[in-house]
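So the structure is just underneath, and the comments pick up after that.
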């Protein structure tokens, strides 16, 4: 898990350094789901269905096997030693085994795994492919193929999601993921410590536990999103770079929408497991899956709640934008309304009507005010009165106090 | 129930004092659902499913037992005396018992309850956890596990919700809640007074009555929300702090949305009870649940109605914001339109075109107006005409009357 | 039915007189659904389910019985003579009876009715309560309990709705309503005149006819709403009190939404009747209910149509508001754009650059224009040209013609 | 079919003449669905269900019968000679008959038709009523009652819809419509010309063909709407009467919404036909109805597509409105920003600070600029520089080029 | 596939040249779905269902046949030699055949194909028609009629879609399309190269592969749309032609909506195939269709994701439009607020109050400032102070920095 910085609103300097400086701002302020476009672009057209193809840049597989029952527990890394793994697996049919494959970058090995554990090429294609929604498939009568999506919220404010593919067998669970690090360590510790019923129960229970631990990991992702939303809400009244703020609101909205789209199939998957016949998923296990179902619903509830928050944020933002315009207009109106009439008055007395015509005749009606002893002070007084009157008018309208 | 102040729009002084003064405004004007984030943050990752864990700060459990039949009624607090409770319970199999546990802060006691009353660890986990949607589960063939959510509307304009967990048994009801105070006192009084059929009917009826009393408590919550919406509507035309008003509209909207999300599962729970076989829920009891179903629908109807009201409020608010801008613009336009032309005219006669050139030649075309005996009064009259003309124009356009 | 005035936009003086004058405007311009809040407030918490409670202010019951078959017809008011009614009812088992109870304000009588006609306390609670959505319940194998909601549109622009509760029996229909006046008179006239098949058919047909007459009454309500919408549309271009207009649009919207919420359960009720077994509702009657179903659908269609109209009205309103702002801005811009440059020009020639310095040296470059014989007329011409040019520019832009 | 003029945006002069000139504009610019209100108003309250009532103004029925099989074809008008029609119908049981009734204005005839062809009074009420959504009913075991709605788009930009009611029988089809002109002539020509399989197939196929021809007529309606939308789109950049334009956008939106509401039941009707048992609708006919189902779906798709177009139009309109405001503001800002500072400068040099005081003392600091030989030209240069600078600033901001 | 230019925002010169220059801009900036209107217009009214009609301008059919099994492969063009094709097809019943018809412009040939391969006239009508949503039909017990829609994204920013109609038979696949170029070449290459299982599997698998290759082609279409959205996002901050930008946003939105509407039936089609009995689609093939189903879901997910992006783009655009207005207003307000008061002050000292009256009496109160030695410099200082003060005020409000 890669948690966001304490101040994720400022792009973290280290990650900014890793990119070219020119693109840093643009990258931070992206809204559109470039991952989707990249994904669409990577699809191969017309390739044979079930074609096994390893994506460029896939990691070299590391192989682990955890063999356990209630009394014993061994944990071995078999990277590059698949034959030994197979021998150990077949040598101990009385134990339960968790075969843990991390990284896909070795196609022949993948194909051997497919053949040795009876997987369908299309299933392995789902494993190696880049994107498969959470789903469950029953195959070989009573085996399950489960796909979960693990999420985390990066310091770049993106939701990262990785695929965890699980195949169950009579006494084993085979699981695949494309990364070395994962969120399953907590489960391994429970196996090691024999703290929970994990070692007592069937391997089907281990598959359940793997599914459940992924569900549990949705909560820190959501907590990070929630924290970020709160931070945005604090900023909404202080941030002046409106476009940037809106960008961020839209991005976090995109994240929440994406999160919901990840969790919905998860919920449907568990609902489908609950509908499977008891021969495939025993009633006892279903009790646990029912609990997981409640968790999935709760995660969706949280996501809905965040979506509402974000929509309120956006409403606030827009109202604020309108408010700011209003304030600009008020300043203009107040200043103009006060000084434009004043300018008229002083312009009036700047007129050049003459006290006498060219022939020297007195024109006593032409601006006699200009020749009064108190003309100027009286005029200043009038001007002051106008100002006071207008200020009173604006104060009464509430325009002088800012919101 | 903690009712809002008569004037909940002003943050109640006492609760404001309890917080640091600096944060008081911010707290009042929060929109986002911090409870959701807190909840997400508190989830433990990868913990064994069915792990019993008591939240920090949980209250020490108080134990009560109400034993009754149509003729007799006893009510005893067994806090710290669980063994005595158990003895009393087993000693009177002919009575019906309501075992009422308030507070979860004693894990060993909780586990004894689980074992003695045959609960599943996952069920107890649901009880002790912080959030479980309303649901019903059938277990042990014919026992019910019912979860309800009790709401109240705090003076902070938040919807508070607590969980009530109910387990039925052949002659008892075991219920859990995390608080000492609750909304069930009205039911206890009915038991004590033997006013209703409660003491005559089976313990399943008691479970129904508990569910129903929670449903009934939705109405005061909604009435409080409704009152607050009406108060906001009154304020919309007088309140000048727009941002604050919008904040409140958005918060009450959040409350209503949250309330709906609480009540929907409640309705679904009752619908599921109605679909249970008659062996689990006798037809006679279903008649009552059908009535409760109608109440849940009605509560949802009210919530929808409030949501529409709030959306109308928001529309009014936005239109008003726009209206205010319009009014600002009108003032600017009227003042500018009147005085800018006047200023031009007086500027015109402030020009210094000379009546004769440097050589003393008369230039009779240069501003002869300035040398007319009636020049100035005539000009003043023209200015007055312009003003009157414009005022007439604006009056005809309806700009002089405010809305 | 209380029809709106010909000019419902002006609050009818009589009803305004009935309220305190100060609150009249506020009342007219209410948007929020105070009825909902009042309803929520009135709910009693924790009262025993099935508690029979008569609301304060309920009218004293009036009892009527219509006894008929194809040949005979009698109609008697039995108010305060329930025993006689019962005797008459039991004395003529060969007739069909419509027992018509108006007003609930006599709890003991209500309880006698409940007992004598075999109603469930929860059913009577639904009758006496304030709000029950339209529904159908089968009880005692083949009896129906039907709830309908009767609407009318008051001169206050509120949708009023009353409840009509119908219980069927082998040879009778028992119906309850809380008001003396109702919309069923048309049906009574049909009974009296023996014009339709009503007297020939079973009492189940009477229950259908009651349901249908309520459905038929939705149309005048909708016609009144439709008329009001058209009136609002006419006003949208002339009304200057924008806030008031918006208030009204929002209120009528609330009415339509409320109407839809009343009719939806009505449709569902009829759909449920159609799904009942033929033993309960004979196929022949279902033919009639199918027709009623079409009517309910049509009423919903009309409501949808009105909702679209109102949303178009609101769009028009907002666009108009924006338009008005635009017009204000145009006036400001035109006046400012014409006179501000003119003011500059005349200001220019108001400058006091001197034709000679203090030592009497000629400064021939300083404003020689002021000493030209044609200076002033030429300048006036230039000013006129500027004005014409700008007017041409604004005319070409279409700013001079109002929309 | 009444097609819109080539230029439907201008109200067609002929139809404008038919109305009073004063109301012509208002009528053209109506948005609200007066038809709905009229319909609601016309409903009779409390009339006996199944009452046969002919609307005022209904046309006198014209009767036609088309009798055919693969070899022969006769077509006769039996207006006012119903008995002859009946005789001809019963006399040729080996032929298939299409009895085509146009106009409802003769209730006794309608009732004879009802009795002679075994219709239910409620069905005839549906026929004579003003509005029945498309539906299918099975009656008499294997007969169908089909309602379709025929549309056309009038030159007034309204969607007109008429009802076509079809009753099937063993060897005949009885159909009703309220107008003399219809869209079925194309089908009659196919019958006459024996071009298609129509004469070979069963009378059920004729019912299908009637249904299909109505569906086919949705396309010209939609094409007319589509043309109008395109025309509006062209006008959006040139039309200056904003309110009128918006009115039209809203009206065409209303039309499309109404059209969708007409077609949805049509689709549901056909889906229901496809679900009927093969005894009622033979599999061979269902193949044809499946094709009609695809057409209905396609019509809905087109309607959705138009709705999206209209919503984009409205977005464009609003953005354009905002844009226009922006442009007005820019003109104001540019002119004000240039000339207000200039006015200040020239005002500065219009001040009357004196070069010497009243005692003749030189005041050399008082506006010495006025006495410089190059004062005026230099000042003009400065003013020009200010103008150029500002223009450069606005040009850089892109305010000088219009969008 | 016709990929957009690297810079599709500028209309590609070549295609612009192909149109008349006057209409080029209009064409580029179209929003409404003219294709839909054209389609609606082309529908023939009342034509006999199942009428085979070739559209004007349909291409002359080219005929290809690919005959293969695991060992052998032949590929022949039979254009104008349909009889030879038929002979070859019937002569090799042990091979699987792909009969590939491109272009519909030869009705007799089409009818021969219909008769020879047992198609229904309605099916051929679907083939020859212009628009059929993706669908599957079972006919002749176990044959499938599949319709897919192939998309590409043209340089004109339109989504082009062509129909691919597939008929399966025991050992052949017959497919129709109206264009010579298609997206199936990749499949032909797989057949030629025998790289995949295509030649080993049944002809039903070929039909699947054809369906799948069309699905795969959705990804490049979506990638092109995604790229374009990103480009628009980059432009949103630099493009000044707002209307054009909005046009483009609306158009790409229309494209995405259209794309979703194309893919939804595709998903439903595959879901229906999965529900078909195993006799029609063997379980083994269903495994592959399940995979295709996941792909269709994924394509819909991508489309949803794009729709969200576009809606965020539109939000950004509108906020930006508002922002720009705000900026215009700020400039106006700053300039006006600074210079209007200054103008007043200088106007004040441009007044002509006289130091003495006409009789030569001193008027010492009339503007003595004008006679002070430091009058002018002091005034200039005051003016500078006002400017500085106002700039400080605006700077503190954040109006001087642009966003």
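Each chain gets a letter, A, B, C, D and E, in the order it is written, and its residues are counted from 1.
Just so it is clear, contacts are C-beta pairs under 8 Å (C-beta built on N, C-alpha and C of every residue); 3 or more make two chains touch, one makes a residue touch a chain.
The UniProt protein names, listed by chain, are A, B, C, D, E = Magnesium transport protein CorA.
In this text, all values refer to a predicted model and were calculated from it rather than measured experimentally.
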Chain C to chain D, fewest steps along touching chains: 1
Fewest hops from chain B to chain C - one hop per pair of touching chains: 1
Homomeric contact chain D-chain E: same or different residue positions, threshold half: different
Copies chain A and chain D - rotation angle from C-alpha fit, nearest 5 degrees: 145
Computed distance of Cα centres, chain E from chain B, in Å: 43
Length of the line joining the C-alpha centres of chain A and chain E, rounded to whole Å: 26
Chain C: positions in contact with at least two other chains: 322, 325, 329, 332, 336, 340, 343, 347, 350-352, 367
Chain ring listed from chain B, with chain C in second place: B, C, D, E, A
Touching residues (chain side chain C, partner chain B) in the complex: 26, 30-34, 36-37, 39-41, 43-51, 120, 122, 125-126, 131-133, 135, 137, 240-244, 246-247, 250, 253-254, 257-258, 261, 314, 317-318, 321-322, 324-325, 328-329, 331-332, 335-336, 339-340, 342-343, 346-347, 349-352, 355-356, 362, 367, 369-377, 379
Residues of chain C that touch chain D when the two form their complex: 183, 186-187, 190, 195-198, 208-209, 212-213, 216-217, 219-220, 222-223, 226-227, 229-230, 233-234, 237, 287-288, 290-292, 294, 297-298, 301-302, 304-306, 308-309, 312-313, 315-316, 319-320, 322-323, 325-326, 329-330, 332-333, 336-337, 340-341, 343-344, 347-348, 350-354, 357-358, 361, 363, 365-367, 398-399, 401, 403
